[in-house]
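The two complexes that follow have subunit A in common; it is paired with subunit B in the first and with subunit C in the second.
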Partner chain A sequence: MFNTAIIVKSLPMLLEASVWTVVYSLTSVAIGFCIGTLMCAAGLSQSRPMRALAAFYVSFFRGVPLLVQLLISYYCLPLIGVNVPSSVAAVGTLALCTGAYIAEILRGGFLGIPAGLIEAARMVGLNRVQILTRIEVPMAVRFTLPSLVNETTMMVKASSLISVVGVLELTRLAQNIATSTFQPLEIYLTAGAIYFLINGAITLAGDFAESRFRVEKAR
Partner chain B sequence: MSFNPAILTDNWREILDGMLLTILIWVVGTALGLVIGLVVAIVQLFTNRWFAAPLTFYVALMRGTPFLIQLFVIYYGGPFFGLDLTPLVAGVAGLALYGGAYFSEIFRAGFLSVPVGQIEAARMMGISRLAIVRHVQLPQMLVIILPALANMTVLLSKETAVLSVITVNELTSVIQSIGSTTFAFAETLLFLALVYWAFLEIVTAAARRLEKRVGRFMLRTQG
Partner chain C sequence: MNAKTNPNARPIIDVRGVWKRFGTVDVLKGIDLAIRKSEVTCIIGPSGSGKSTLLRCIAFLEEYSEGEIYIEGELLGFALEGGRRRRVSDAEVARVRRNIGFVFQQFNLWPHMTALENVAMPLKLARGIPREDATKRARAMLDKVGLTNRAEAYPSQLSGGQQQRVGIARALAMEPHIMLFDEPTSALDPELVGEVLQVMRDLASEGMTMAVVTHEMGFAAQVADTVVFIDHGVIAASGSPEQVFRREENPRLRQFLQNYFERNVFWQTTDEVPAP
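Right after this comes the complex of A and B.
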């Protein structure tokens, strides 16, 4: 028998845990965005070592499964004397991982910015950092908004993996409830539905932002 | 911190078995996923909405929820429906269903990329709908969607690591158990990362080569 009572009973707890899922995934996307921007700038720079660093970073974090990255940060950070709470290590790893994808996404956006605009900004006396933060990043974000929103939903899903290294969030709590109540199907379907709704909300917010910040393609 | 690579050479048999299982899961899961994706796309595009609507829901569901949760539903929730699957079968089925949803979107875009005029012309000549799919649409669209298919196939190889959570004895799981019995986490996990990284680089390079080859064919037929 499909046990709906257990769903009703555990729903408040699952919703509470889903707040952590949202916090962890959005935090890592925010940090990952900063890392991604820097790495993207490094990848497009004139300096060969910077480009090599960016290429290495993107290749590694996209080439190794996130689960393996999480296991490394969980088991190996203490070995080199870094003792941070597992949630911090996990969010840091998520951020590094998504940063690599965001760097690749932004790359297309940066390349779409007309060179004349950058030259004009330089002419009016903006320095390199000002050009990056006030001209390039806002434009690149507008160009690549759909991909960035998609990456955010990917991270909400990917954050379920941090349950494996013992961080309490939606998946971890669902596991705990499922094993103590012996009703795995009901609990995991509920957890899945919550993830589905979170991602639906993010997609809607993304659509809204897109219509709000629509830009004409630069000529 | 001491670094002892002998831990890896001592357990080479298990590690090799793990690698082979990972590749097997990836190949079978991807192959099944491609079949699911193609069937879903065809049903969505060529039948009425009573068949298409549930499949659209399936695709949205698979794309909107974590792969790990999907595995849990299949593996731990399976017995509810009388499906007592082994971890391996549940894992491969999960990978196929997950990949199938993404593949179906790619195939759908592919079908829509073939100009309507060609299909109309073929229909005028009395060619059956299925024959049009096989002889007119598929050959052209496969070339166009090859990069997207290759991309997703590469992504799926990374997802196989998640199967370790439902105790499938693939590479990640093997390495983890070696690590936790010997406490040699640095050696084992860094090796694990290197193996996946090298594997991904090789597969990605192979995919690029294939795309180039097919692209060359495209240029030739156009010119």
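Right after this comes the complex of A and C.
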């Protein structure tokens, strides 16, 4: 028996929880983008220690399952005296993880930037940071936009993992409702549909950005 | 005697005994070159002779291996300590070369910015000029190169000649004391070369100090005060256009010019020689 009443009844709560899903995942992508940019720049720098740092960072966060990373941060941070809300620890872990992937995505974009564009920036007196933020990052984002949108949708889905460390978001709330109402099928189908719609919106936003960038290429 | 012809005036750019090695290959082998205020120096020579490398060394886009380059009296890129040279910081390099404008063969406009933004952005960021003033000056520079109506276009929407003129406007906006041009017309379709050369002629007549690596012998003959012929990493001949193009007897230079004239021989045999 498919119970539509329970869906209607729990939908407001699920939508409210999905706001947290959006907040956690987009925040971690935003922070992860900054981390990824720095790690990408480190990985392409002249300095050997910087390159080693970037290589270690990427291999750790790509090599260890996100779920395990979340559990490590959940149990280890208090041990070393870091007492932050579990939501902060969880978003931080998501950001560190996606930062490693974004660093690798951006690397391809950075390598595709013609050297002459950087030389031109140096010749008009831009400093290293200005070149990074005004030339390299905007161009790398344009080159790699589809992969970045893809990574963002992956993070929306991956944010469901933070339910295991007790952070309230869409999946966690769905679990709570499912266990208290004994109607798991209806609730999880609804949660799945909400994830689907969130990622649909992100994909649309990506398409919009891409069409904006196409103006720059128009003949 | 004006500054232009006064040999005692202190050079804006003074290249002394510069060597440049890429690995084991010597690209420049002891270049001495002085460029004085308001002089136009054209650097000619075969492909691979080192002429672009010399220009890039003067801009410190390449680190020179030996010798010294002085920009308005300041040593570029290095500090001398007890007879040894030490590479200075990027910020110090930027400070010494702040009065050098550079125009690239491939234009190197930033494709994600409009023509106007390409010119205005460095004014805001590198010079700290407020947005409105920077935009105003950028528009004035685009006017100067004849692109008043193309300010809002992206580089991909401009022809090669227009892109190169934006490149010149971007360099000029920084109010350089000397402009370096690295084969500015070599990537252009033939019918677009003229508009870029005209902008450069105008600049020269305003008294801008210029060093131009070029294959445009007509431009060199008309505009240059000094023509420098580089071959195999050394200055094989230099002097006035008259001197270099007509009187100099260096066999490599004669061969180089011979090849050039043979390519253009068609024009010499018809009555319809285009006006210079």
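One rule holds in what follows: the second predicted complex is superposed on the first by the 214 of 219 C-alpha atoms of A that agree within 3 Å, B and C clash if a C-alpha of one lies under 4 Å from a C-alpha of the other, contacts with A are read in each partner's own complex, and residues count from 1 in each chain.
The working rule: a contact is a pair of C-beta atoms (placed from the backbone, for glycine too) under 8 Å apart; a residue touches a chain by one contact, two chains touch by 3 or more.
Not measured: the values here are computed from a predicted model.
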For A:T171, decide between first (touching subunit B), second (touching subunit C), both and neither.
first
Once chain A of both complexes is superposed, is A:G108 in touch with subunit B (first), subunit C (second), both, or neither?
neither
So in the superposed three-chain picture, is A:L67 touching just subunit B, just subunit C, both, or none of them (first/second/both/neither)?
first
Just checking: does A:Q130 make contact with subunit B only, subunit C only, both, or neither of them? Give me first, second, both or neither.
second
Once chain A of both complexes is superposed, is A:A120 in touch with subunit B (first), subunit C (second), both, or neither?
second
Please work out whether A:C76 is in contact with subunit B alone, subunit C alone, both, or neither, and reply first, second, both or neither.
first
After superposing on the shared chain, does subunit C or subunit B touch more subunit A residues?
B
Both partners, subunit B and subunit C, contact subunit A at residues none
Subunit A touches which residues of subunit B in the complex?
1, 60-61, 64-70, 72-73, 76-77, 80, 158-162, 164-165, 172, 176, 179, 185-186, 189-190, 192-193, 196-197, 200-201, 204
Complex contact set, residues of subunit A against subunit C
114, 116-117, 119-128, 130, 134-135, 138-139, 142, 213, 215-219
Of all residues in subunit A, which touch subunit B in the complex?
2, 59-60, 62-69, 71-72, 75-76, 79-80, 153, 156-161, 163-164, 171, 174-175, 178, 184-185, 188-189, 191-192, 195-196, 199-200
Could you list, by residue number, the parts of subunit C that touch subunit A in their complex?
59, 61, 90-91, 94, 97-98, 100-102, 104, 106, 108-112, 121-122, 125-127, 154, 156-157, 167, 170-171, 174
